[in-house]
Structures are given as structure tokens and as C-alpha cells.
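Both complexes shown next keep chain A, but they swap its partner, so chain B is in the first and chain C is in the second.
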Partner chain A sequence: MSDIQTSTHAQTGLLPKVGAFLRDYYIYFVLVAVVLLLSTANLDKFDLFERGNFLNKNNIINILRVSAPILVIAGAFTMLMISGYIDLSVGSAMSLSAVVYALLAINGVPFLLAFVLTVVVGIGLGAINGFLVVRLKITPVIATLITLSLYKGVALLLVEDGVSAIKSGGGLKMPGWFNGYGRSGIFLGLPAAFWVAIAVTIAFVVIQRRGVLGKHAAATGGNPTAAKLSGINTGRVVFLLYILVGVTAALAGIARSSFMSLGDPLSGDGMELTAILVVLLGGTAFSGGEGRVLRSFVGALIIMALTVGMLTLVPAYYQTLVIGAALLAAAASNHVITRKGRAE
Partner chain B sequence: MQETPILDSDGAAPVLRVDSLTRDYPGVRAVDTVSFDIAPGTVHCLVGENGAGKSTLVKMLTGALEPTSGTMQVLGRDYAPANPQEARDGGLATLFQELHVVEELTVQENLTLGMEQSRFGFLVSSDLDRRVVETLKAIEPSIDPKARVSALSVAQKQIVEIARAASSGASIIIMDEPTAALSEREVERLFGVIRRLKASGVTVIYISHKLDEIFQLGDMVTVLRDGKHIATQPLSEVDGRSELIEMMIGRTVFQTYEPRTAVTDEVMLSAEGLSNRLLKDVSFAIRKGEIVGFYGLIGAGKTEIARAIFGADRVSGEIRFKGAPVAASPKKALAAGIALVPEERRTQGLFTSLSIRENIPVMNLRNMSEAGLYRSGLERDAADDYVRRLNIATSSIDKHTEKLSGGNQQKVVFAKCLFSEADLLLLDEPTRGVDVGAKTEIYDIIRDLADAGKAVAVFSSELEEVLGICDRVFLLFDGAVQEEITNGPDVDIAHILNVVTGGQGAVQ
Partner chain C sequence: MMSETVPRPAPHTRRRMSDESFITLLVAGVAVGLFLFASLMVPNFFQVQNMINLVTNNWAVISLGIGVTFLLVSGNFDLSVGGIVALSGVLSVWFAQAAGDGNPLSVGLGLPYPLALACALAGAMAIGALNALFVVRFGIPSIIVTLGTMMVARGIAQVITHGSQRNTNLPPEFGYLGNLSMFGTSVKFAVVLMAVLLLVAVFIEKRMVFGRITYWIGTNPVAATLSGIDRGWHITKLYLFSSAIAGIVGILLASEFKSGYSNRGTLMEFDALVIALLGGVAIAGGFGSVIGMFFGAIILAVVTSAATGLVLSPDWQYILKAIAVFLAIVAQTWALARRNR
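Here is the complex of A and B:
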């Protein structure tokens, strides 16, 4: 009858402590390792990047600029996965938002209004996902696979026949302010889109640690029955999280569209994989219940550094393969580390 | 429906009134016009054998199940919860047997879950946090409120749940077998907490098979038998365990057991000193042609013994089947000729999305194929054969098994095991959720199988069942075999119940 004793003693051993430490902080070591690795690389002039040491100031600014979309999505996506759900349509929602934003801008809608309207579209797209999953009780993977196709279809329809994206031409011209949001440095040489991503991430870190929504998301993912018995409306929690993912997908679409100066209906393709990768890399359990927004943010930085690093160092067709390998490594280490960190 | 609560003899209005409550299942009336009152600030025990209707009654109280007829009142107000949440809003919290804690959150977060105080969606520290921590400290000071629940032992998790119910402001707390996972020291502590709850005016409805606990803790006891209300009286007026047991079993007429002639002396399976986390030095033998029962309450070790024989769990000790040791793996046990009919038939025994025809051969697909090719003709023949032999009521062998009644589903599981050509059948709760008619048929099948030279072990928490069909019965308590009895007309039922509830005669 010493069940209690044995289990608490197991906690005081050295090994579980090391495991817990690894679980909490390994992501930061990975980031440092990636940065060190990249800093050893030298390159010839390549597109946006400068000759010489890979990690000079301008290259870092470039990496962070192109990272804005995934950085802004990571927080909400982490919360959704903590609650045990998933959104595969996030890339299509981003594409559709990018197209909508570009369409509004090119038709003379002022910046702020275009921005707000696009975010409203994001709320709508998230609400559709929430409705399918919570009200119609369609399995999340299936429901968001359906909307992945639907949203992308709408984005493609919004672009005229014969052109690949919404851009200047045919009598219409992108306004001058259009690429300022995603490109022009406003502080430390970084654009507004990046700082919005930082602000959103901080908001989600606070919501997760101090917000009711954060606790309820963890309870929903950790033990849905207990959550319901505690009086938590788990359906509402999930619905709200889908809407938040929709909003961040819209913000990502705006950032990407502004950075590229066009509304590309394929610009969000593959974002769902990147988002899942980033969240898993950050140590969030695929089954839900636990995870940290901040670690996903760091995971996003790692992936973007690797992706951009690869773009400059190895042929582009290696990229998808390496992302797949990283996903495998993340899933495996996630499994091993969470097992080790946990007492029996 | 009472407009004004009727006062009981002490003048205190009942905190809970149950009036003519009835619940029907297809073919069974699980709770039959039960009426009783519970006085505030008491520990009210609910006892009865398995199948007496306790859990159905509790499910109605907690809103998990709707009564077929009858009413409930809490503090004089009509009470008809549609779900557990409404029950809690009505002032009734429940400690379920399964744990309902969120492993990933801290103890304190679990205690305040769903009741968080917030401003603009952000948590603010409040009285509630202080109160839950104090409640927890009073119950189990060794649990750190900041610790993650996943790092706690099962017993500690349960204490967290108790603290949660205690601090939720409920006027009634139902505890369903709360001590099942607790050590003696923890049980003492729990009892202390329950007494303190009582002193603060909370009513506890306490359900336990352990009669000693009931005498130690309870003020009042309500006895149910066969879905009917037998008595509600102060425990001080109950003359010890034997009278309580008598009320529980009444003069139930057990299905008469007739000595069977097919029992041989040839030992089919022998087990020596089986021990693991739950089992304590369990030894027994099962002979060819014999039906052996393992009888005990929930948690006594029945399922664990079945799983150990089948190789699903690791145990120390030795198991020999037909004289040879058995390797600890279900696949090898099956190959040697041991089949298990698991307790959870829908989740562990059947492929509910497949038809009867497809279910029967799955444990022995080799017999269904020729030269590596599957012969559906053989499958159909086998299915037709078993549907006829076991009298499975179905319009077609192509019917999906999820559409069958509980009894017929169980027969399909039996057919599956028989088709595997096993010589030893392990039946874990073989008639749970099966209606009376199908029960009799299943008992006949079990007897026929044993008569045909197979050995059968029945693991059951229904005394009527083991005394109805088994030649010998092992009485289990606390993971150990307490006594072996040979079935016959003169078995002492009161003695058996005494032993399996941990009374005298039980090896402690």
C-alpha cells in the first residue's frame, strides 16, 4: 500500500528532472543549434541575401520578414491543437484572405478598411470550420479538409481567367501603400507585419497562461469528460479557437500578400503542414492537453531559419523532403520526451 | 408532486426525496418504484448486490439517465437533471468511479476548473483559490496545489476530485466506491473528511461494497434488492453485518444447481502463486469438463486472473495448461487452446461494424482458407452452423453485430471462441447487460460446452450466476483467493457474502 510513496519518490530522482527540463527547454537549444549551424555558412549573393556570412543583420531581417505569416498563426494554432482539434484549412484561409485583401486594395479601398474587412472574412472562415466541427460534429480532419478545398476554390475563382494573381495591370494598379505593411521597416528595421505577429504571440502567451480560455482549452484537450462535468462548454471553447485561427490566417494572408505585392490564390499552400510542424516541434501533444504557445513560436523561428537557409544553400527541391524529415523528428522526439518527462 | 416538503420525525426537511422512481430497460425493470428520504447533514449509505439497481438509481440522481417515471426533490424543489451539469447546479456533486481530472493541469487549476473567477477573460486570484487550497490542505496536506496532476498517484488524483466536490458548495455529494483505490491510511483520512463535511451540513450519499466501512461511517442505510426498495433505517438499528447481508439477499431463490457428471479428474489448467500489482499469491486448478467460478466484488481481482491466464498481463508464478507452461501472450494462449470472452463485449469482444458471418471466424482464419485463398462458402457454413447451435436470433448472418441485442452479441462472441477450437474458455462477466431469457440460454450453452469436455472458468460479480452454474467457486477479496467452496444445495450464501466483503473468514 505504498503507491503514493513510490510515485512521489520517482519524482525526486535525477532522471525525471532531466527529462522535465529537456521537455521544457529543448526547443531553445534547438534554436541555438540551428543559428550556430547557419552562422557557419558562407554564401555567394543569392536573391535577397547578401554575400558573406549568412547570419548578418540584413539576412536576419529578411528571415523575420518572410516569417511573419507562420509566426502570427502559431499561437492560435497551438491553442487549437492543445484543445485536441486541428485546422487543415488554415493555408487556404490564408490564400483566400490574401486575395480578398489584394482585391480590396486594388479597387481603392483604404488600408485600414481593407485590413478590417479581411479580418472579418477570417472570422467567417473560422466560424464555418467551427460550425462543421462543433454543430455538425464532422471529424475535424475531414471538416477542415473539406474547407481546405472550398476556400482555395473560392480564392481561385476570385482571380480573373488568364492571370495567376491579383496584381497591377489591366487598368488597375496596386496602391503605393500596399507593400509597406509587409516590407518597410518601422522599428529595428522590421515591418509592421512582424510586430503584429509579435503582439499576437504575446496576446496568446498571456491568454494561455492567465486566460480562462487557455485553461479551458487544456481541459478540453486533456479530458473532455472532466471538462464537461466541470461545467465547461467545450463546444464553445472549440468554436472560439477555430475563429481565432481564422483571424490569424487572415492576418497571415495580409502579411504575405503585402510582402509579395499581389494576391496569390496559392500563397498559403502548405501552411497547414508548416503550422502542424511548428506546433509539434514546440512539444505540443498531438492528442491535445498540453503545449506552450511560446515554444511553438520558437519552433516557427527554427523552421523559417531552416527553410530560408536551405533555399540559399541547397537546391529548392530538397526543401519538402527536409521539412518532412523535420516533422518526423519532431513527432518522434515529442513522443520520447513527453514519455520520459512524465512519471508513471 | 409535493407542494410543501413533508417534515420527517425530527422535524428536518429531507435534503433529497425520491418518490416512486422507476427505470425500465428493455426486458428489465432496473429500479422499481423506489421511494425514500435523505435527511440533511447525514452520511446515507446505499447498499445492494450487483444488479440491485444502485448504479441505475445513482445515474438518475446525477442526470446521466432519465427516470421512466417518478420524481425527485432536492430541498423541497423539484429536481429533474438532464445532465451532470444540471445536477451540479442543483447542488448535487458526484465522485464517479472513473477519475475525472485533467492530467495536464495543476492541482489547483483542476480544483477551480469551470468555476474560474475572471475579469475580461483573464484569471484573477480570488477567495475561491484560497478556499480550494484550504479544502485540499484539510484533506491531504502532502499534495502540492501547484503540482501537475499527471505527477500524482491514482489515490492522490482521487483526493483532488474529492476536494473539488467538497469545495464546489454542493449540498449533497455522492461517492461511488470512493475507497476502491485508496490505501488504509488514505481511507482513514477520507473518513475524516467525510465527517467534517457532515459537520458542515453537507449530506454524503455513500455507496460501497465494503460493509465495514458502512458501519464505521454511515448514519442511515438504504437497502435495494432486485430494483426494489427494501428498507431505509438508521444503521444503529441494524444488527451487524449479518442482518444487513440478509436484507441485501433476502430470500432470493437461486437457480438450482445440479451436480454435473461430466467433471473429470484430469487437470486442464493449473496456476501456482500468481502475483502482480493486484493479485496476491493466487493458486487454483481447473479440470476438464468442469465449470469453475471466480466470485468477488469489483476490484477483487477477477478480471486480473482472467487476463493473467490469457497472457494479457504479466504475472509471477506458474501457469500450466495441459501440463505445459503457457507463454505470456494472448496469441500463444489462443494457439494453445485458451480463449477469453472479455468483460467489455462491445469494445473488446466484437467487431461491431462487421456482420455475424465475418465475426465468427476471426480468431481462426486459417480454417477458412484453402491454398491461402479465403473461402467465403466455408465462412457462411460456419456462421449458419453456429447461429443454429447457439440459437442466435437474427434475420440473417449478414446482419451487423451492432444491431443485435446484448444477449445475441454475447452469443456471437461465444461462437467466435468456439470456432477457435479452444479447450479452456475464460468468461469474464458473461451475462452482463443480457436479458433474463438470453441469460438462461447462455447458461445452457456453458453447461453443454463443459459436458462436451471443455473447461470453463466464469468470472462474475453476480452470486446468482456462479451458484447457478459453477461446480466449484473461488471467493476473491482484495486480489487473493479467500476460500474455495464446492457448490451444492447447502452453500451458505450469507457466509459467502461475508467473505467477499472482507468479513470474518477472510484472510487479511
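Here is the complex of A and C:
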């Protein structure tokens, strides 16, 4: 408390410390604020999920279940953005994986094989992005815009004309195990898809903080020339990161497809926006070079709590506006935070 | 707007054609070649009416492409135009709908029709101003800003229409502008407007200081600033210009269909970007032209309509777009590298 007097001098004392503290941990305050807001608001007006409190156990389980896709993507996407690159095709890659996974399952391929094959498809999709960006040197935005269109087109073509998604019918039936991965609670009432997302996030937190790939990604984003001159194969780093994003997009597709019990070729639409949003919310600089996987994970929790929780407060047609405004707000606050961080 | 013209070079000096004209010619050649190829493959493709349709069916995207091309040349994205098309259309309907009680979707503000249009255009340009604010003042990458404003614009349209559309209680003159035919032919006012906008844009781009400054900023922003160019204000004008075109497109479409539909213009921002890229506009800035963008639109139109003519499933359009952009980028890079070897 005695520091309050000295804090009036902006150079030393409490204020900069508070500033630094806020900069490092603001995302957790935002999460707490959003949860408080949603849990104290009147939820009795609509009966969309569980009647009652936002903090109701079933409601939390439901939010975490539908969050599995974005939670699993956030880590790899953060690393990619830290290295200064972007992947706009992640939503289409997710849709395509969802369709492939459902197609395999409905044609009698057992769970593990279908899972592995879909992940292999994800590796391939990521490798195509990596090839376009690293080998052919096409600007990341354009390269992944091309594959956004390509993957979406392939996903739509895999589903027969006149049918909206791969689902039971026409003599084929989804196997009984199909929606277990995304729905049935295996631990604390949460499904395997969620725990896979947690494991992937932990892996990326460790890679970022302790792994060589994490250091190289930050170096590539911070100053590509310097990174190259110090012997880092930046092309290989970026290629690998695109593959990792492809793999997590496949995992997200499997989770979504299993949760919805169908292979919807549009199920990943907009995921690239959500991914950019949560990474920016987590304070990763757009220019690359710095950022934290864990903060993006928290950012993803905030966005999912907000989008699902919001449905109980306002009609669904407010969603686009709120997400767009959140994206702008995240970008603006990110700008303020990273600029202050650099000035000091 | 500045009106001095760039001095012409003396007519007798022989110059090597610029890289930009080279690429524009290349794109135009590819457009014509593709059209002839499609004529061989697809029955009834080689018809005057079909040639006209390739342009007139795409007036909206080509018009949007003008603003998007100028911004790309200055080194900035504008992905908000599709959202603005929806917003301005919905606003024009909402403002023009008669006031009163009743179904919330059929009650508007009851403004006089011209005022309603002016206010809708102002609403569209407000999104352009928002783009400029975030890009210029805060220095946030334009792709992220305009993705955000795309959602904000469409989000406002969805809130006003409750996620669907408004089409009742409109004044009788509402449908006039969008269905107006010109010169006693079936050519619509919107198409003529597109042609006028194209000509004006080409003149600004090639002959006016405003256009040349746009290239300068895109080529070397630092040098442009050091030479005394107010870069921020120039980019602000470009965003306002682009959003105004998008606003007009939205108003015309709303008038044509006599409805304000919140999902209108979905993916138009990507198509506008795609035709600019097909037309040889470089996203790094400083390179490209409105004429190239126009021929890029023709390429895309030929490819998609030929695919429809060959009875491919409409799902193919995504794959065809991807392949077309990929080939365009690779071919243009290769052609330029070869030429400048």
C-alpha cells in the first residue's frame, strides 16, 4: 500500500508492475468477467440448453464439448502465427476431414483406422499449404485462400448431389460408435475429443516453452533474415507448422463430425475467423515473433463461453455482429498491448 | 480530388512495354483464349448474347473489384465489401419502409426514398471509415480489420432483418433503379454504371496524380511518406471509395429484388479478390490494373459458365476457382521472371 505514493511517478513503482501484470494475465480476467457476466444474467427466458445457471454442470460440459474443435486448433494456429504466417484454409481442411472421417466410418472402417487415416489426410492438406507457401513462395494469404476454395470444393464433391451431408440413409448406416468420441463422457463427464484437445494443447505449450520448434518459430516470426543467418531452416519450420495445423484441423473435423453424427462439408466454415480471433485475443502479435499457446487456449474458452452463453441472452442473429466486434476489439487491444510491451 | 494529369512521354520515344501492361495483355490474351477454347468444348457457347452475359451477369463483382483493386495496389486488403453489400441493401429497405405498428420486419423508418438511399450509402461508408480508422490509425493488418468489419456489417444487417429479409411495405418507386433498362435494350442501369465506373477508374489510375500516388504508396510506403504524401489520408479515401461502391451495389441489388436480404453478397469479397488476383494485381502492392481485374473477371466468368455448360456439379466452382488462381499466380510469376531475366 505504501507504493501508492511512488506510483504517481510513472517511471518506477507500482504502475508499470501493474501494467506488466495486466499484460501477462489480462486474458484470465477477461475469462472471469465473461463467466461472471453470463452466470449472473437472467437465463430463464429461453430454454435452449439447461434451464438455470450458466455454471450448471451440464451447461459447462456442453460448452466444453462443442469447444473441442477450436481448442484443438488453437495451439498449432498460435505457433503458425507466431512464426509470422497464417492459414485461412483451416476451416475447409476441417470440413474435408469431417467428411472423410464420416465416409470412412459409414463404409465400415473401424474407429482407430478411420481416425488415423483422417489424420493422415490432415497431414496431406497441411503439406499442400506448406508446399505452396515454402516451395512455390506464394504469399500465405493467397496460398491458403486457394486451398480454402480447393478443400471446400473437394468436401462438397465427396457428398452426393442433393444430400447435405454424409449421414445414415440409402442403405448405409453410421456405426454405433460414431458419436462416442465427441459426445460420451469418459472422464469428468467430458468426451475423448475434449481430452485430446487438452493433450494437444499441453504438447504445444511444452513445445513452445521448451522445444526447439518453439524457439525457431519465434525466431522466424521475429526476424526471418536473422533467423536464417543464425542457421535456422525457416522453410522447414514453416512447412512443419503448416502440417501441424493440418493435423489439428483433421482432429477438429473428427471431433465436430462425431459430435454432430454426420460429415457436413460446411461444418468448418468460419473456423479460420474463430482461430484468428482467439489467437489475437490471446495477445499474439500479428507481425509474429511473440505469443503464448496457453493464452490462445483461454481465448478459445472465452469465445466459446460467449457464443454459447450468448444464445441464452439474445437471439441467434446477433452472433455475427458480436463475433465481428470481438475481432475488432481483440485486434485493437492487441495493438495497444503489444505496442506498450515494445515501448518499455 | 486532384486534377493535374501526368505528363505524357513524347510520342516518338520508343519505350519497352511496362511489366504491368505486359501482364494485362497476358491476362487479356488468356481470357480470349479461354473463351475460344470454351466455345470449342461447350455447345452454343460462341454466341454474342453469351459474350454480353459474361459481362452483364458479373456487374456487381466487377464494380466491387474496382475499389478492391485500388486498395490492393496501395498494399491493403478490403474483404468487407460483401458485408457492406448486404448492409447497404438492408439499410435502404429499412429506411424506406413505412413507419407504424405491426410485424417488426415490415415496419421501417419511413424516410423519403432519396433520403433513405443517401442514408444507406452513408451507412456503407461508415464501415469504410471504420476500416480506415483501424488500418491507418491503429496500424492493424488490413486483412484482419476487414474480416472483422465484414462480420460487423453483415451482423448489423442480420440484426435489422432478424437473420432473414425485409421486403414488405416498400414505396412503389423502390424497385425502379435496379430494374431500369437503358437505351431501349435489356442492358440494365447497373451495368452501364459499372462501365462508367470502370472508365473513370482507368482514367484515375493511368492519368491522374491520385492514381499514381496509389501505386507509389503500394510500391514503397516509406518513400511515399518521406516525399510528403499523406499516406493515411490517401488510404482513408481509398477505403471510403471502395465502401461507397459496395454501398451502391448493395442498394441496386436491394432495388432489383425489392428486398433487403442479410445474406446477400456472401463470398462476393472473395470473388472480388479472386478476379483482381487473376487479373495480375499483386497483393504486395504497387502492381496491377483495373483493366487486368476486368479481364480476370472474364476469365472467372468463362471458367464457371463453361463448367455449368459442361453440366458439372456446381460444387466444382470452388475447385475451378482454386485452380484458376493458382495457375494465374504461378504463370504470372514465371512470365515476369522470364521477361526480366
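Throughout what follows, the second predicted complex is superposed on the first by the 320 of 344 C-alpha atoms of A that agree within 3 Å, B and C clash if a C-alpha of one lies under 4 Å from a C-alpha of the other, contacts with A are read in each partner's own complex, and residues count from 1 in each chain.
We take it that contacts are C-beta pairs under 8 Å (C-beta built on N, C-alpha and C of every residue); 3 or more make two chains touch, one makes a residue touch a chain.
Since the structure is predicted, the reported quantities are computational estimates derived from the model, not experimental observations.
In the superposed model, A:Leu150 makes contact with chain C only, not with chain B. Once the two complexes are laid over each other on the shared chain, residue contacts for A:Leu229 go to chain B alone; chain C is not touched.
In the superposed model, A:Leu328 makes contact with chain C only, not with chain B.
In the superposed model, A:Val141 makes contact with chain C only, not with chain B. With both complexes placed on chain A, chain A has more residues touched by C than by the other of chain B and chain C. Of the two partner chains, neither chain B nor chain C is touched by A:Ile61. In the superposition on chain A, A:Leu280 makes contact with chain C only, while chain B stays out of contact range.
Touching of chain A by both chain B and chain C, each in its own complex, is seen for no residue at all. Listed in rising order, the residues of chain B touching chain A in the complex are 84-85, 88, 100-105, 109-110, 113-116, 118, 121-123, 142, 150-156, 183-186. The touching residues of chain A, counted against chain B in their complex, run 1-4, 6-8, 11, 206-207, 210-213, 215, 218-219, 221-223, 225-232, 289-290, 342-343.
Those residues of chain A that touch chain C in the complex are listed here as 86, 132, 136, 138-139, 141-142, 145-150, 152-154, 156-157, 161, 273, 276, 280, 286, 315-325, 327-328, 331-332, 334-335.
On chain C, the positions that touch chain A within their shared complex are 77, 130, 134, 138-141, 143-145, 147-156, 158-159, 161-163, 262, 270, 273-274, 277, 283-284, 313, 315-323, 325-326, 329-330.
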